[in-house]
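There are structures below to look over.
The same subunit A turns up in both complexes below, where it pairs with subunit B and then with subunit C.
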Partner chain A sequence: MKKLTASVVLILGLAAAGPADTLNLSFFQNATDNLFQTRFAERDQLSNVAFSYDKAFRPFSLFTDGQYSYLYRNSEVSYYAQDLGLDYLHSFNEKTAFYAAAKAGGAVYRSDYSDFNYLQLGSVAAVKSYLTPASILKLNYAFDYKSFRYTLFDHHSHLVNLSLDRYFESRTTVKAEAGWGYKYFIHPFLLSAAAVEEPVYGMSGNGMGRGSGRMGWRGGMFRPDGSGQGQGIQIASLSGLIAQGVGDWLGFRVSAVRQWTLTGENPFSVIEEFYQVENPSYDLYSWNGCGLSGLLTIEGPWNTQLKMGYTKSLKDFPGIEALNLEGASVGAVRQDRRNQWDARLVKDFSAFSVVLGYSYVDNHSNDRLFDWRGHFLTVGVAWNLNWGGEK
Partner chain B sequence: MSTRKAMALAGLFVILGAGLALADDQAQASTQTRARSMFLDQNGDGINDFQRDHDNDGIPNCQDPDWTRPEDGTGYKNRFGWNGSDNQGGNRKGFHGGQEWSNASFRHGQGGLGGGVCDGTGPKGKANRKGRG
Partner chain C sequence: MRRTASLLAALLVAGCAASVSGQPAAQQPSRFYNVDTERRVEGVIREILLEPRYEDRSPFLILVLEEKKTGQRYKVELSPAWFFDQDLHQGEPVKIVGSFYVKDDNYFLIARELQAGGETFRLRDGRGFPNWRGGPMNRQGKRRGRGM
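Then we have the complex of A and B:
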């Protein structure tokens, strides 16, 4: 609670520190009946307070983000994350512009999760060009480096995306995107070193991690045979989107993505996703498969907006063996089939926005631990404070 | 120069000036008509971006200092943010029909196509943070 108070004081201090171009403050209260997203569901609530500050020195802009998340039942997983960066925009002409950004940041977790404290360096370079008034070509490159307290997770990654958007006067949007990415774990996994260094989390005596609130319930995050040594994972993806507006107030969207693992596989023994808490075992590089998504957007009266979406995904996790509840291999790579329903209502006022969100996830997996369902509720308010007129 | 010749020359200038002014008005009207008929949907939800977030910076029009509220009584949601005093918009905002280049719009648009209600508030990811690569 002290950290929450300190965060509020920090935010108010920044707000009072002097003129800024944009300051965004938000407070969100989240609740779920399945925080750790396993078949042994555990309820919790999260309070999230965040700020985002931008100061423009054209063509540069300074930005910083900070957020503190407090978990009520699993308070030892609470965390604070902060980043600071500088970006640059150069428009060659009215059709084409170049953007670059560099940032540094990190996250600090409380005791149960402190091995995943990290420092991060990142950069982005992008070129965006209007081929016609209604066609946009964009090339984007992102570099990311993360150094964890538990050094076996240290990695750097490179991600390139090329996208083409086309808008038609019939209010139809067509987007296509191709992506390529490479993630490299910097420290080769050595079995002897890991036996000494690897933290052993796990069951707290009530079985299968139920209620333990710990990650790596099977004991150890990396594979004990050491087969995932210092490797890189290379992925490629194709995605497409078609959206159609009906009048000014109604929009439909259908999108699909297909991702392949070109080389490498996960060096972990288990992949986990937690609600609102980043887990280093799961990210864009940890899976291959496909997804299909639909979204309905309604622009309502009195500055309200309602979005309702459904996503179906099928993901394989290369290098991750599916296990039964006794911990024995079922002789297959872990495969998840997920159905997810989302709804989000936003009401904009002249100085702030109120958000209400709900999601339901039904995840089927051949690894029985990850055969789970969960409800997720979010209520929040966000302020956009601006000084100095033009951004 | 005789008075008659001077008057004829003056008349010629008036006609020429009026023609140029009319042509300029038509060009401006053409530019605004083109912008008003344009559809941009960078977040891919089927709704014209000018409807809610004209510059795609993540800040709703009604909270965005870049947004010019129309003085025609149509409220915040009137599209395009072009009012009578913004006739330079065709040059400043340029080719892409009313959207100005901004660092925030690039920063805000780092995400991929994604799925569902793809705004960072879902069950995965760290809540409420804007994508910055």
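Then we have the complex of A and C:
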């Protein structure tokens, strides 16, 4: 709680430090009955205090974000994340614009998770062009480098996306997108090095021999049969979207994605996702498969907006062996089938917004530890402060 | 741990320093958002332009909007980098709430609220201050709840 208070003071101090073009403060309170997202559900609450600040330095603008998250029952996983960057926008002509940004950042976790402390460098370059008045072409490239305290997670990645859309008079937008990505783990996965250096984390013992407790790790994070080489994972994806507006107050969109792993596989022994706490074993590169989602947006009275979504996904995790609850292999790659329902209500006031969100996830996996269900609730408020900034 | 913490602290200090030493706005925009001149216009997008609105500034997304009832054309100023993630097209019906002014016999709107495709985008708050926050990079990595 002291850290939470300190963060609030820090953020307010920053807010008072000088005139800002844009300053956003937010406080979100989250609750879940399954923080570590396994069949042995563990309840927790998270308080999240964040600030975002933008200032124009023509022709650049500076942005910085800070965020402190405090977990009540698993307070040793609490963390602070901060980044600082510059972005730049330029129009080549009336129809084509270029955007570039670079940032540095990092995160510091408390003791239970401190091996995942990281420093990050990132950059983005994007071009958006109106090919015709009703058709937009977008090309996006993102570079990311992360250096962890536990160096075996160090990696860099490159992601390219190309999208093309078309708007029709029926108020329908159709969009197609292709993506390619490459993630490279910088350090070689030497068996001896991994065996010696790999940290041993406490297993709280409710996993029936599979350690599904606090951090959920079961007997090491990297596979003992590491190839002895640095490892790259290459992915490609295709996705499509159809969006339709109905009147002034109703919009819906349906999208689908198919992703392939072209080369490489996960070097880990397990892939884990934690609610609101980044886990380096899980990201865009850790899976292949497909997903289908629908989103309904309803504009309500009194500046309210309700969004309701459903996502179904089928994901394989290459290189990850599915295990039974005793820790024995079931002879197959881990495969998850997930159904997720989301609802989000936002009420905008003059200078702030109130957000209420709820999600339910039903995850079926051939790895029984990851056969889980969970409820996630979010309540928050976000302020938009302008201290002497321009209108 | 110590190295990461030190560098994070340095980033935070740099952010603070930037906010303290930031240059004053030497070149004010030609028009400010004026809540007293707000009006609501319903129409169709006839043209889309990317152009700097203020000297040495980033390009804005500008819509040429034809009002449904009167056929009057407005130049609507939306935002800078925000538009990278929001795709608007010619022929789309939209409703705009914005600050109205006339210059050289042309009608202009500085948009505060945009309704398109069954969704409402609030580009500025109720007092006219910008709500947008940078481009694609700036919105990455926010962890404020699961889902949308």
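We take it that the second predicted complex is superposed on the first by the 371 of 391 C-alpha atoms of A that agree within 3 Å, B and C clash if a C-alpha of one lies under 4 Å from a C-alpha of the other, contacts with A are read in each partner's own complex, and residues count from 1 in each chain.
Here is the rule we use: a contact is a pair of C-beta atoms (placed from the backbone, for glycine too) under 8 Å apart; a residue touches a chain by one contact, two chains touch by 3 or more.
These numbers come from a predicted model, not from an experiment.
Participant: Regarding the shared-chain residue A:133, is it in contact with subunit B (first), subunit C (second), both, or neither?
Facilitator: Both partners, subunit B and subunit C.
Participant: Examine A:160 and indicate which partner it touches, taking first as subunit B and second as subunit C; both and neither are also allowed.
Facilitator: Neither partner.
Participant: On the A-aligned overlay, A:91 touches which partner chain: subunit B = first, subunit C = second, or both, or neither?
Facilitator: In the superposed model, A:91 contacts both subunit B and subunit C.
Participant: Could you look at A:342 and tell me whether it touches subunit B, subunit C, both or neither (first, second, both, neither)?
Facilitator: A:342 contacts both subunit B and subunit C.
Participant: When the two structures are overlaid on chain A, which partner does A:354 contact: first (subunit B), second (subunit C), both, or neither?
Facilitator: neither
Participant: Considering only the touch criterion stated at the top, classify A:313 as touching first (subunit B), second (subunit C), both, or neither.
Facilitator: In the superposition, A:313 touches subunit B alone.
Participant: Touch check for A:291: first (subunit B), second (subunit C), both, or neither?
Facilitator: A:291 contacts subunit B only, not subunit C.
Participant: For A:149, decide between first (touching subunit B), second (touching subunit C), both and neither.
Facilitator: second
Participant: Between subunit B and subunit C, whom does A:64 touch in the aligned arrangement: first, second, both, or neither?
Facilitator: Touch status of A:64: second partner only.
Participant: Once the complexes are superposed, what residues of subunit A are shared between the subunit B interface and the subunit C interface?
Facilitator: In subunit A, positions 22, 24, 26, 28, 30, 48, 50, 52, 54, 56, 59, 61, 63, 65, 67, 69, 81, 83, 85, 87-89, 91, 94-95, 97, 99, 101, 103, 122-124, 126, 128, 130, 133-134, 136, 140, 142, 165, 167, 169, 171, 173, 175, 243-246, 248-252, 275-278, 295, 297, 299, 303, 305, 307, 309, 340, 342, 344, 348-351, 355, 357, 359, 361, 376, 378, 380, 384, 386, 389-391 sit in both the subunit B and subunit C interfaces.
Participant: Per the contact definition, I'd like the list of subunit C residues that touch subunit A in the complex.
Facilitator: Spelled out, the residues of subunit C in touch with subunit A are 1, 3-5, 7-8, 11-12, 14-16, 18-25, 28-29, 32-33, 47-52, 56-59, 80-81, 83-84, 87, 89-93, 95, 115-120, 122, 124-138, 140-148.
Participant: Contact residues on subunit A for subunit C in the complex?
Facilitator: Per the touch definition, subunit A meets subunit C at residues 10, 13-14, 17-22, 24, 26, 28, 30, 48, 50, 52-59, 61-67, 69, 80-85, 87-91, 93-97, 99, 101-108, 114, 117-119, 122-124, 126, 128, 130, 133-136, 138, 140, 142, 149, 165, 167, 169, 171, 173, 175, 243-252, 275-278, 295, 297, 299, 303, 305, 307, 309, 340, 342, 344, 348-351, 355, 357, 359, 361, 376, 378, 380, 384, 386, 389-391.
Participant: Touching residues of subunit B toward subunit A in the complex: what are they?
Facilitator: Per the stated touch rule, the residues are 34, 37-42, 44-48, 51-52, 57, 59-60, 62-66, 76-77, 79, 94-97, 101-104, 106-107, 110, 112-119, 121-130, 132-133.
Participant: Please give the residue numbers of subunit A that touch subunit B in the complex, ascending.
Facilitator: 22, 24, 26, 28, 30, 32, 37, 46, 48, 50, 52, 54, 56, 59-61, 63, 65, 67, 69, 81, 83, 85, 87-89, 91, 94-95, 97, 99, 101, 103, 122-124, 126, 128, 130, 133-134, 136, 140, 142, 144, 159, 161, 165, 167-169, 171, 173, 175, 177, 179, 239-241, 243-246, 248-253, 255, 257, 273, 275-278, 291-293, 295, 297, 299, 303, 305, 307-311, 313, 340, 342-344, 348-353, 355, 357, 359, 361, 374, 376, 378, 380, 382, 384, 386, 389-391
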